[in-house]
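Given below, in the form of structure tokens, are the structures.
Each of the two complexes below includes chain A, the first together with chain B, the second together with chain C.
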Partner chain A sequence: MNPSEGIEFAQTQVARASLDHCVKCTICETHCPVAAVTPKFTGPKFVGPQAERFRHGESVDHSLDYCSSCGACTLACPQGVKIAELNGQARAVMKADEMPLRDRLITQTTLMGRAMTPLAPVANAALSIKPLRTVVEKVLGIHRDAPMPHANTQTITGWLKKRTRTAPAPTRGPIVFFHGCAGGYFEVETSKKSIEVLEHLGYEVLVPKQGCCGLAEQSNGLFDGATAKVLKLCDELRSSGRDLTIISSSGSCTGMLKHEAHEIMGVDDDRLADVGTRIRDIMEFLLELHDAGELPTDFAEIPLTAVYHAPCQLKSQGMGQPAMEVLKLIPGVEAIESGATCCGIAGTYGLKKEKYEIAQAVGKPLFDKVREVNPEFAMCDTETCRWQIRKGSGAVVEHPIFLVHQAYGLS
Partner chain B sequence: MTRVVVIGAGVSGLVAAIRLARGGAAVTLLAKGTGGLQLSQGTIDILGYAPDRVERPLDALGDFAQANPDHPYAFLDAELVGASASYVAELVGAELLVGDPAVNLQLPTAVGAVRPTALASPSMTAGACVDGAKFVIIGLKQLKDFYPELVAHNLNRTDLPGGGRLEARPVMLGFPAREGEVDSSGLTYARALDDPATRKRFAEAVKPLVAEGESVGLPAVLGLDDHNAWSDIADLIGAPVFEIPLPPPSVPGMRLNRTLTAVAKASGVRVVPGSKVTGYRSPGGSVACVQLATAGGIREFAADAFLLSTGGFESGALHADSRHNLRESIFDLPLRRPEGALVHADYWGDPQPLFLVGVETGPDLLVRHPGGDAVYDNLYAAGGILAGATRWQEKSGEGIAVASAVKAADSILAAASSATTEGAAS
Partner chain C sequence: MKTLTADVVVVGGGSTGAGVVRDVAMRGYSAILVDRADLGQGTTGRYHGLLHSGGRYVVSDPHSATECAEENAIVTRIQSHAVERTGGYFVATHVDDPAWGDDWAKGATDTKVPFEEVSVAEVLKAEPRVNPKISRAFKVEDGSVDGWQLVWSAANSAKQYGAKILTYHRVTKINRDGDRVSQVVCTDEKTGEEVRINTNFVLNCAAAWGGQIAHMADCPDVQVVPGAGIMIAMNHRLTNSVINRLTYPADGDILVPVHTVCIIGTTDQKADDPDKLQIAWDEVQQMMDCGELLVPGFRNARAIHAWAGARPLVKDSRVGSGDTRHMSRGMSIIDHSERDGLKGLLTIAGGKLTTYRLMAENVVNAMCAQLGETRPCRTADEQCPGSEDKKNYVITHRLEEREHDRTEDQILCECELMSKGMFTRALADQPKGSFDDLRRQLRLGMGPCQGGFCSMRATGVALQSEHIDIERATGLVRLFLKNRWIGIWPILYGDQVRQTALDNWIFQGTLDVEHLPGPTHEEVV
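For the complex of A and B:
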């Protein structure tokens, strides 16, 4: 795809084919977590199927920028209107000429990981210095209290190089693991445990060198950069073998590969289609194994009651909440569904100075639920959401694979 | 354990899924989006017009079925319909549904008509339109879906179903749902009134507008998650209060939908929303699996039985092209269509025959060829997809939906248990 083809696609296509299916039933409005907490966003139907009819290259409703791209509207629409996609495209067009520097910076997730890992203690300390964060807020527009990742001293690549495989010899053949930037640099434990669970099940886990999926750039309307990144990633993931299943413990990056790159940016490329159909969220994969009678369920008991929050970008993959079904298989575990549409962070949305308060208000019922059910521990499948829920609730929040890992006696 | 896939999350899909799960089946509920129950008025209609206004729906069902032998009520009898309505009321609890399925309530609508319905939210029943009732109908200036003058003046000139008249007077009150917002949806109000402090301010604003002996009619926005918000408001005002349902977003419909969905999940139903069923496989005479178009590709859901509760034309379950070629959109099932033209030009005249189109089933809700044998030995149907009803005009939608859902679930469970018995015997 040539530069700016993504924006052109957004300008001319805007998911219009689905627009006329809108019957104005308001179901999307009732599911929008942003419109529920602020009058600054008029709601998915108003800025979407309704305003779209009046857009002729230019946006008529600037409250569009307050959409967090959580996708709850598309998921709920019974008529098949691609509301979130349409609004994502319209926003990219609206911001094309005046993209804030802040939005260009916070979307460089790999760069952030690469810079922070060697300096982990310093970076972590710096991010907790209030006056410094105040300056960052003033200059860049990143809210001083917004959740930030915790840098690790070791990347997943570093761990893979140094460790020795402890699982028995593979019996189920090779499988590819995609960790995403956050799973490579910040949420390294999730990646380690996912690899160890897959090895325990008898897979040979291949971890090719891999970059970013471009999701953060996509959701900020930076389609050219996102397109280049996602296609490069497809090449990297395909380098391990053409027909292998690809497993990811990074729920939102999986969604980018399965859905957003094609549906929002119009990336029409065989490599993306190939990876998009081969990739599985790790909990989705475990449930598929279970449905086929191929998942060992010799789980040790874990006496635990805790909230499980399915992130919006996982739900928008239209596969339900596989983690809830897998957690039901572990004796002693009672996972309480959060019932929340979104934690508020929506990728980079909740980091922004002007949206921080909204993101906190969106997440509040979820934070309250975590505190009420189990203030020590909760579960969620995506990284930025875990940062948000940790900060908002004070609980330790981990990927549900942690419990599978423990129940198999691996930790 | 028998595995069942239910397609569609309206009232029939939700009720069937719950009954199946509680009956011991492993149930997966597939839904393209949120079901139509949320758009409803939060009531359970059984039979409102046959074609004259019905006072006692269960008593009327026998004659109605005789006059309409192709109607779903011809095989869903009064006992089943009454028990099924009561079953739904038990599932959601007395905070959301009250009434006697045998007796219709006569409740005011947002245009001031008097609508017959069997079960309703307890927040609505003080609006029963009976001789000598005195109502003050209060609108909210920032809510553009409710006009108290329209409601009150229409009610005033109506000869009531039970005889006599009522007295209603309109009042408009300015009460923003959120500071500075001049145009709020009913949902925004409902969320605001979930907060006890806002409720108190609201009741204080309403109280001086109410005269001695009047019941207070308000738009149905009195709380979303807090199902007792309306009674709290009534206590604070010191007068009976009733909610009048609005066009969507319908808050009473949302309360029912959210509650039934939560009950389904708590009963062990696996809910998979947001993807469309686009195909199926049926080697032999049974449906083996349906194919769900999720992000990233097709996923197959295998089961022992399948229940089609996808609705009618309005939800896309049925499709008619401009030449009136008809199609059921998932299994391309044979459809029953009335003789002659499907649509006539007399807009205000007789019902359009098109609404009678649907799938035909036996009394066990197994889908069959019109007048013939079962299409597959494990594909059932319930709700709006059934042929032979003009639901919107008869006010029969929920009654058909819940009775067919209960009956279909029981048929599926019975078939599973007889299969198990046979298996054990051989």
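For the complex of A and C:
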């Protein structure tokens, strides 16, 4: 599809057909974490199946921009209305004419990683300078207190080049690893541990050169850029070999490939369909192995009680919470489900000046729960959520693969 | 008993009557309009909402085509807020002969109906849900119009010129003094009181009911045959332009976007009684098949309401009495002084909503001629109240308004974005109104839930307003639900079944609405 078709799709096709299923029951509204904390957002039923009947391909209701795209509404809807998708499309149409510079910048995740890695100490220091953040807030509209990624001095590519592979020779054949931008530049440790766990299990892990999935652009309504990125990524992931399983430890990016690019932007491309069906979240993959009797469970005991938070964008993949099942296999680990719909950050939502307070209010019950259960440590599958929960609760927050890695004696 | 006096009494509060009362009032006559029910409750409120470009009639009825084209421009201007300039297309589907388009284009040129032949690609780009198998298309200036808004704005204009509008006044007798009309006798349906109006002239605009009215003046055998047609509203706009089939006028060949819905129509069956119109299952199926031709997947889309309207077709000896589709769509004026020897009574029937203003002009001209007076018609020159800003209706307007007031003003009807303020203001204007009266002004309960959620909210708010007591509240909500049901059951399939089940659980299961202590006399109007 050529670039401008994304907006056209949103204007005309939309997930409109699904709005016919709405019976106005309001269950989605009771699940919306944003509407629960602010009257600025009219709620998913209002902006979705209701407002869409009044739109004519034109979005006059600017409050719909307060939707965080967490997808809790679509997940909760008992009638099958694609509420979050409708809202994402309407927002893209609305912003098509007046896209803020900020939203163009913060969606360039790869660029940000590339720029910050060589300057990691400087970048990290700069991001902690209050007056500088105040200027950034004024000029760009990124809230001065919003959580920011911590730059690494080494990218995952740098690590892969320099490391010496320690795992025994592969016994299970090749597998492809997709690390995402955050997993490539910021949350590098998660990618490393995921690769090492897969190698420990006997896989030959192929890590093709790869770019961004375009999720940040998609959720900000920049469909053209997002479509180009996701299709380029599909080409890159497919270059490692046909029919190979693709594993990712980046929960939200996986969702983009599995369903969001197709359902929200209307990307109808065989390459995406191919990658979307081959990709697995790493915890989902481990659980599949376990269900097939192929996951070694010689886990060492880890005495730990901690909150596990399944991110909204992981839940919307409709696979339950595989991390909870896998963590149960590790002796001593007691993972407590967060019970929270969303941590509030929702990708880039909680970074924005006008939404920061809302995102903090959405995350508060989760932060409280972390502090109550284990103020030192918590788990979550998605990078931006971890930044948000770290900042909000003060705990160290890592991907659940950290515990698997440790329980296999790899760390 | 109450006695009133007026130069002219207009019988019938549909589009024709409203246009006529406006016209006579603007020409300086004192006038009273009476209708047995609410304004626009007959055929005007039960049609597909199309403001014809004229394109439909360029071959079958060239005279009407030209009239439609001219009146479309006038109504779009003088009642701008009731009209959405949707534009329209005539498309040859894969079962239609594209060569007929040549006849059509010639007809359109001859009748001065503005049109432009466009590529299939252009249609599909503008309206991506339209059948991609169409072979030919013409773009025309169709619009959609809210019949109720149209009637009220004409009635309000008439009021500004001193006219009285008496709704729920049923005519029971038209008295004469020798060979002249002298008095119209009515019953106030809300109070039971008799109302006598002394007058010299009666303009019978009762359309499909016109024969009954003429009979009350002892003018028998006026044959206005009700040509019944059904229409079905779909849950959302499948197209944003009017889509017509490029074919000789037939059943189910128009899809019209009106407000939040789009309406497929219509059929044409001779009816015996305009008050007893059926919505037959096979006609519903026929409409679904027709919709499928225009928009593939139509059958899977959600239908939310169906209704039937009665065209007032004056019997024409040229066609058989069963073939109402090809009876004259043109307007007919019956001068009862010639026909029955009674001066001061004219009956007008036929025509269509698009040409309502012209019909009014013609009948009032005929009245002036009979009275021997010359008073020129000015209805085409002046904006109606509410349209002073000359802005046409746009679909997004309520969404935009609620964006600004939703935090201060609760939304009662979520489907149609009607606020509590809108409802309480309308109720204060019309404290004796039924919820259906308010619905026609506010679109209360006209969305997908069909009153499931909003009707109980409206009932609560109405009760709080102290215009009604608890028993009347119960009576009103029961009547409202009963009337909604008439239009729901004929299209109960697919998604609307789920909605109806939920609504039923709420009303029967939770509220036990049938067993609430209600009024001793159940509300009927």
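Here, the second predicted complex is superposed on the first by the 410 of 411 C-alpha atoms of A that agree within 3 Å, B and C clash if a C-alpha of one lies under 4 Å from a C-alpha of the other, contacts with A are read in each partner's own complex, and residues count from 1 in each chain.
By definition in this document, a contact is a pair of C-beta atoms (placed from the backbone, for glycine too) under 8 Å apart; a residue touches a chain by one contact, two chains touch by 3 or more.
All values derive from a computational prediction rather than experimental measurement.
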Pick one for A:Pro39: touches chain B only (first), chain C only (second), both, or neither. both
Output check: A:Gly276 vs chain B and chain C. Expected answer is one of first, second, both, neither. What do you get? first
For A:Gly320, select first, second, both or neither according to whether it touches chain B, chain C, the two together, or no partner. first
May I ask you to decide whether A:Gln79 touches chain B, chain C, both, or neither, giving the answer as first, second, both or neither? both
Go through the superposed model and pick first if A:Phe54 touches only chain B, second if only chain C, both, or neither. second
Return first, second, both or neither, reflecting whether A:Cys25 touches chain B, chain C, both chains, or no partner chain. both
Taking the superposition as given, does A:His259 touch the first partner, chain B, the second, chain C, both, or neither? first
For A:Ser63, decide between first (touching chain B), second (touching chain C), both and neither. second
Can you give me the overlap between the chain B contact set and the chain C contact set on chain A? 25, 39, 79
Of chain A, residues touching chain B in the complex: 25-27, 29-31, 36, 39, 74-80, 254-255, 257-259, 276-277, 279, 315-320, 324-325, 337, 339
Interface with chain A, chain B side, in the complex: residues 31-36, 38-39, 178, 180-181, 185, 187, 191, 248-249, 254, 262, 265, 270-276, 292-297, 299, 315-316
Residues on chain C engaged by chain A in the complex (per definition of touch): 128-129, 235-237, 240, 260, 297, 300-302, 394-396, 398-400, 402-403, 406-407, 414-415, 417, 447-449, 452-453, 494-495, 498-499, 502
Contacting residues of chain A [partner chain C, same complex]: 12-13, 16-17, 19-25, 39, 42, 45-46, 50-58, 60-63, 79
